[in-house]
Amino acid sequence: MELKKKVQDLRVIETSRLNKRHFILELEAPEKLPLILPGQFVQALIKDSPSTFLRRPFSVHAVDYRKNSLRLLIQIKGPGTQHLSELKEGDPLNLIYPLGNSFSLPFTKDVLLVGGGCGVAPLLFLAQFLNHNNIYPTILLGFRTREEVSEIDAYAASGKVHVITDDGTEGEKGLVVDHSIFQLERLPFKKIFCCGPDAMMKAVAKIARMHKTDCEVSLENTMACGFGVCLCCITPTDKGNERVCVEGPVFNINRLKWQ
Amino acid sequence: MMKDLSINIAGLHFKNPVTTASGTFGYGDEFLDFIDPGKLGGIFVKAVTGKNREGNAYPRMAETASGMLNSVGLQNKGIDHFCREIYPKIRNFNTNVIVNVSGSTIEEYIEVAEKINDLDDIPAIELNISCPNVKLGGMAFGTVPDMATEVTAEVRKVYKKVLMVKLSPNVTSITDLAKAVVDGGADAITLINTLLGMAIDAEKRRPVLSTITGGLSGPAIKPIALRMVWQVHKAVHIPVIGLGGIMNATDAIEFILAGASAIQVGTANFIDPTVSLKIVDGIDSYMERHKIKLVSDLVGALRTE
Amino acid sequence: MMKDLSINIAGLHFKNPVTTASGTFGYGDEFLDFIDPGKLGGIFVKAVTGKNREGNAYPRMAETASGMLNSVGLQNKGIDHFCREIYPKIRNFNTNVIVNVSGSTIEEYIEVAEKINDLDDIPAIELNISCPNVKLGGMAFGTVPDMATEVTAEVRKVYKKVLMVKLSPNVTSITDLAKAVVDGGADAITLINTLLGMAIDAEKRRPVLSTITGGLSGPAIKPIALRMVWQVHKAVHIPVIGLGGIMNATDAIEFILAGASAIQVGTANFIDPTVSLKIVDGIDSYMERHKIKLVSDLVGALRTE
Amino acid sequence: MELKKKVQDLRVIETSRLNKRHFILELEAPEKLPLILPGQFVQALIKDSPSTFLRRPFSVHAVDYRKNSLRLLIQIKGPGTQHLSELKEGDPLNLIYPLGNSFSLPFTKDVLLVGGGCGVAPLLFLAQFLNHNNIYPTILLGFRTREEVSEIDAYAASGKVHVITDDGTEGEKGLVVDHSIFQLERLPFKKIFCCGPDAMMKAVAKIARMHKTDCEVSLENTMACGFGVCLCCITPTDKGNERVCVEGPVFNINRLKWQ
C-alpha cells in the first residue's frame, strides 16, 4: 500500500448527526486509500468560509479499505466545524492525509483506552486495529451527558466498554479519572492509550505514572500546516521542541515535559 | 507558442520565477510527497542561525482574517547541524537551494554566511534582517538603515556568491532600507517578511501567542507587500524578489508586474502544498493568453501612464 | 446586573465606548434611516480641510482579501461650508460629534481647528496626521516625530477643547509617534489610520486605483491595529481610541482589552450600517456574561503574566 | 409607503437561469416593501464567500408590491455573482435597499430605452413604470448572441422591442449604436434612457447629443457602501465629484464630464 501523503478531493458519502454537537462524516477516496494507522489525522480544507483560512485537523475515526472510505468524528466548535457539519452527500472535501505518527502496537494484551469528548475519535480505529492483532482492550469513554453518549455498540464490538458522564446520566458519574477502574490499588493494565482534552490527558498521565503503567497520549495543538514545515505545533519533549504533527500527535508520556 | 519562463537574478539562473519562502517550506524534504522541487525556480529553506535555537514557547500560531500570526522564533539546530545533516540531503534537488541566514549579532550572521560560502551547491543566501519574532533577532538590523548597511557589508566581505537581503515591512520608508542594503553590497532584495501583529482571546482575556505579538502573513498583507515591491523596484537597480500573501498565479503576476523578478510562495504552502507548481502553470497560461514570450518582459511592466 | 458602559476620555463623557470612524460615517445623516446616532458613544465625521477639495480621480476603491483599499483623498467642501451647512444639521445628535481635521500645512490645520473651536456643540477634534491619500496630505506629519509634535503643539495653542490625534500605522515605531504627540499636548490618541497598500489588475496590467496606492482597511489589518494599540497603551498615559478592522463586539472587546478606552467602527459600517449598535449590545452581553460592572475595568485588562 | 432605506433579510422565492451567464433572483421581503423607483438598486451581502468582503450592487429588475417581492437580473462575473447564482429557494439574502436616485418621468411619449448586457436589468422595471404613466416606449436591447436573448415577451408587453446581437444571430447585427433606429436622419425620440457598459453608454450619449435628444444614463461604478458615506463611487459632474450611489446612478448626460 502507498505510504505517500496526498492532497486529494474526497467525496462525502454519508453524514450523520450523533447529537447536537457531534457528527460523523464518511468520505470516499477517488482511488485506493493509502495505508492509514490509528492515531493519524487529516487536514481538511474548509472552502467557501470567510472565517477559516487554515485547514482543520481531525483524527481518523475509522477506515474501510474495501470501500476506500474513511470516517471522521467531529465536534462542532467554531466556523470550520460548523461548515463541515453542513456538508451534504456528494460534496467534495479536500484532505491532506494521512498525517502524523500513530499509537504503537503494545507488547501486552492488558490494554486500556481512555477517551473524552471528541478525543474518542481515534480510539475506535485503534480498538479495531488492536483487534486485528488479537488484543481486546478495555475502553473507558467519558461524555458530558447521556445525550452525547454514542457509538457504544461499535466500541463494544472491539472491547469491554465503560462509560462515565459528567452528570451521571449514563454509567458512572464524574470525570474519566474518577471512574472506579482507576480506584483499584493495582491497575490491571500494562498500557494506556489516551485521547481527549489536555486536562484529562494530564490527569490520566498522573495516574499512569503513579502506577508505573506505560501510557501514550494524542496531543491536540493549533496547527498551521500539519505536515511539519511551519513549526507552529511544537511541544517540549526530552529531545527539545518537537512537532506534534510529525513526531506526534501520539507521544509516550515519559517523553513529554508537560507543565 | 514558445515561452521562456526563466529569470536571471544577479547572474543566477532560475528556471522559472516561482520559489518558496523561508519558514514555510522546511528544508524541502517534507514536500517530496507532494511536488518535485526540481520544477521550481528555487527554494528558500528555513532560517539557519549560529547555534541551536529552541524558538518560542507554545502557542506559536493564531489564525486571523485571511491570514495568520506566527511566533516560531527561528527554531533550528544551528549552522553546523545544517552543514552536516541537512545539506547532504538537499544539495541535489534540481533547483536553486538558497539558505535564509539569521542571527542576533553581526558576528553570528558572519559565522553562518562564512560556513555556507563553503557549501558548493548553495548558490545564494538570503540575509534575514527582518524576523519580528526574536528579541535581538534581526528586526533591529532591518529597521535602522545604518545597521542594515553595516550587517550587509560585513557579510558581503565573507560571502562570495549571490547575496540577497530580506527586508522587514515594519518601517516608515521601505525604500530607505532598500537603498541601505544596496549600499552594503546586496545583489538582490527580498520583500516582505511578516508584519508585526497581535491576536487576543477575548473570552480568556489573554494574548493568543506566548510571545504576545507575532508575524502576520497571508493574503491579508498582499496589498502592503505589492506596494513595497513597487516602491523598491522603482527606487533601486538590483532585482527584487516579491512575496506576501501569494495564493495563486494571478497574485504572482501582480507581484511580477509591480517589479518582482521572482516571487516566493509562503503561507499558501500550508493550505495547498502543491500550489507552487500550480502557480508555475498559471504563469505559463497567462503568458500564452497575453502572448508574452519572455517572463522577464513582465517584470515591472505595470502600466501607470 | 447593573452595568455602566460609559467612558471618560480627557474629561469628555461617552455613554458607551462605541464610536464611528471618520470617512466611513459621512456626517451621520446618511445613517439616520438605519440607526439613531444618539445611542452611540460618539461619531467622528468625515475629514474637514481649509478649502474645498475634490479628492482623487476615479477609481478610488479596490476590494482585497478581508479588506479594501481607498484613495478618496479627503474630498470635502471645506471648513466654512462645514460650519454653515453641516454643523447646524448634526449639532443636535444626542452624542459626541467629533470632527476629523485634516490639512496639507500647519496653517491649514490651525485654521480649521480655530474655526471648530467656536462651534459650541463640537466637544473635540481628531487631528488627522495620517492620511495616506493626499500628496502633502498629513502623512508626513504623522511619520516624523518632530513634525507630529509641532503640528499638535500649534493646534493645541488655538484649540481649547479635547484634542485627539490620529496616528498613521505606516511607521517603524508607533510609540515614538505617540510620545511625540503627547509632547505636543494631545489629550488622546486615535489609531490606526489605513496602511498604505496597492492593488493591481493583472489582466489589464494596471493599478486598480487612479492613485496607484491607497489606504488598506478592514479585518485584514486588525492584528496590526491591535498590536499598535497595545504598544501605545503601555507607552503613554493618555487615553487611546482604537480601530482597525472591527466587525463585531468580540473585535471591539479585543481592542478594549489591549488598551483602548473607546473604539471606532470603520469599514464595517459599509457592510452593515447597523453594526455599531450591535456592537454596543454585544459589549453589554459580554459584560453580563463575565460579570463586569464597569466597562472601564476592561480597558487594558489583558492578562499577560 | 415607507421611504426609508432598510437593511433586511429577504428570502429567495424563485431562481431561474436565463442562459449560461444570466439568471433571475426573485426575493420576498418579510414585510411591506418600501416604495422603489426604476433605476434604484440594492446592495447584496454575499455571506460565506471568502473572496467577497464588500456588498455587491444590483439594479432592481422588477417589483411586485402585492407579493412584496422584487427581482434581480444578474450576470455571472466573479465570485460574488457566482455565489448568488447558487442560492436556492428559501435561502436568505441580506439587502440594503432601495438605494440611489431614479430615472425621471419624461415629459414626452416619444421615449427610447436602450440596454446592453446586464444593463437591461433596470429597463424592464422602467418600461412598466412608464406604462403606468401611459407611456409605451420603444425598447432597443443589445445582446452578445441569440443564446442570451431573453425575456423579450416581458419587454414586448411594455413597448415596441428591437433586438440587436453582436453576431447577428437574432435581430440586427452589431452594437446597439449600429441599429437602424439610430441611422435615421432625425431621431423619432425626445427622451432616451440608457443602461449598459460604459462604452455603449458613451456611444449612445454621443448620438443623443448629435440629435440634441435628452438622455439619461445609469452609471456603473465600484462601490464600497452604496449609501453615500465612503465617497468611493464618484463621477465628475457639473457640480464637481458626485456620488454615483446617491446623486446617481442615473445622470442626465448634460451633467456628466465623461472623458
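Every chain is named by a letter (A, B, C and D) in the order it is written, and numbering of its residues begins at 1.
Here is the rule we go by: contacts are C-beta pairs under 8 Å (C-beta built on N, C-alpha and C of every residue); 3 or more make two chains touch, one makes a residue touch a chain.
Please read all numbers here as calculations on a predicted model, not as lab measurements.
J.: With chain centres taken as the means of their Cα atoms, state the distance from subunit A to subunit D in Å.
T.: About 55 Å separates the centre of subunit A from that of subunit D.
J.: Starting from the mean Cα coordinates of subunit A and subunit C, work out the distance between those two points in Å.
T.: Centres of subunit A and subunit C (C-alpha means) sit 47 Å apart.
J.: In angstrom, rounded to a whole number, how far apart do the mean CA points of subunit C and subunit D lie?
T.: 36
J.: Among the residues of subunit D, which are close enough to touch at least two other chains?
T.: Within subunit D, the residues that touch at least two other chains are 50, 53.
J.: What parts of subunit B, by residue number, touch at least two of the other chains?
T.: Those would be 62, 64-67, 218-219.
J.: With chains as vertices and touches as edges, which is it: line, ring, star, complete or other?
T.: Ring.
J.: Dump the list of chain pairs that touch, please.
T.: Here the touching chain pairs work out to A-B, A-D, B-C, C-D.
J.: Where on subunit C does subunit B make contact in their complex?
T.: Touch list, subunit C to subunit B: 62, 64-67, 69, 143, 170-172, 195-200, 202, 204-207, 212-213, 216, 218-224, 226-227, 230, 245, 250, 253-254, 257-258, 286, 301-304.
J.: Please output the residues of subunit D touching subunit A within their complex, sorted ascending.
T.: 48-50, 53, 83
J.: Where on subunit D is subunit C touching in the complex?
T.: 4-7, 45, 50-55, 96, 221-236, 240-241, 246
J.: Can you check the complex and tell me which residues of subunit B touch subunit A?
T.: Of all residues in subunit B, those touching subunit A are 23-26, 30-31, 33-34, 46, 52, 54-55, 58-68, 70, 72, 75, 218-219, 267, 269-274.
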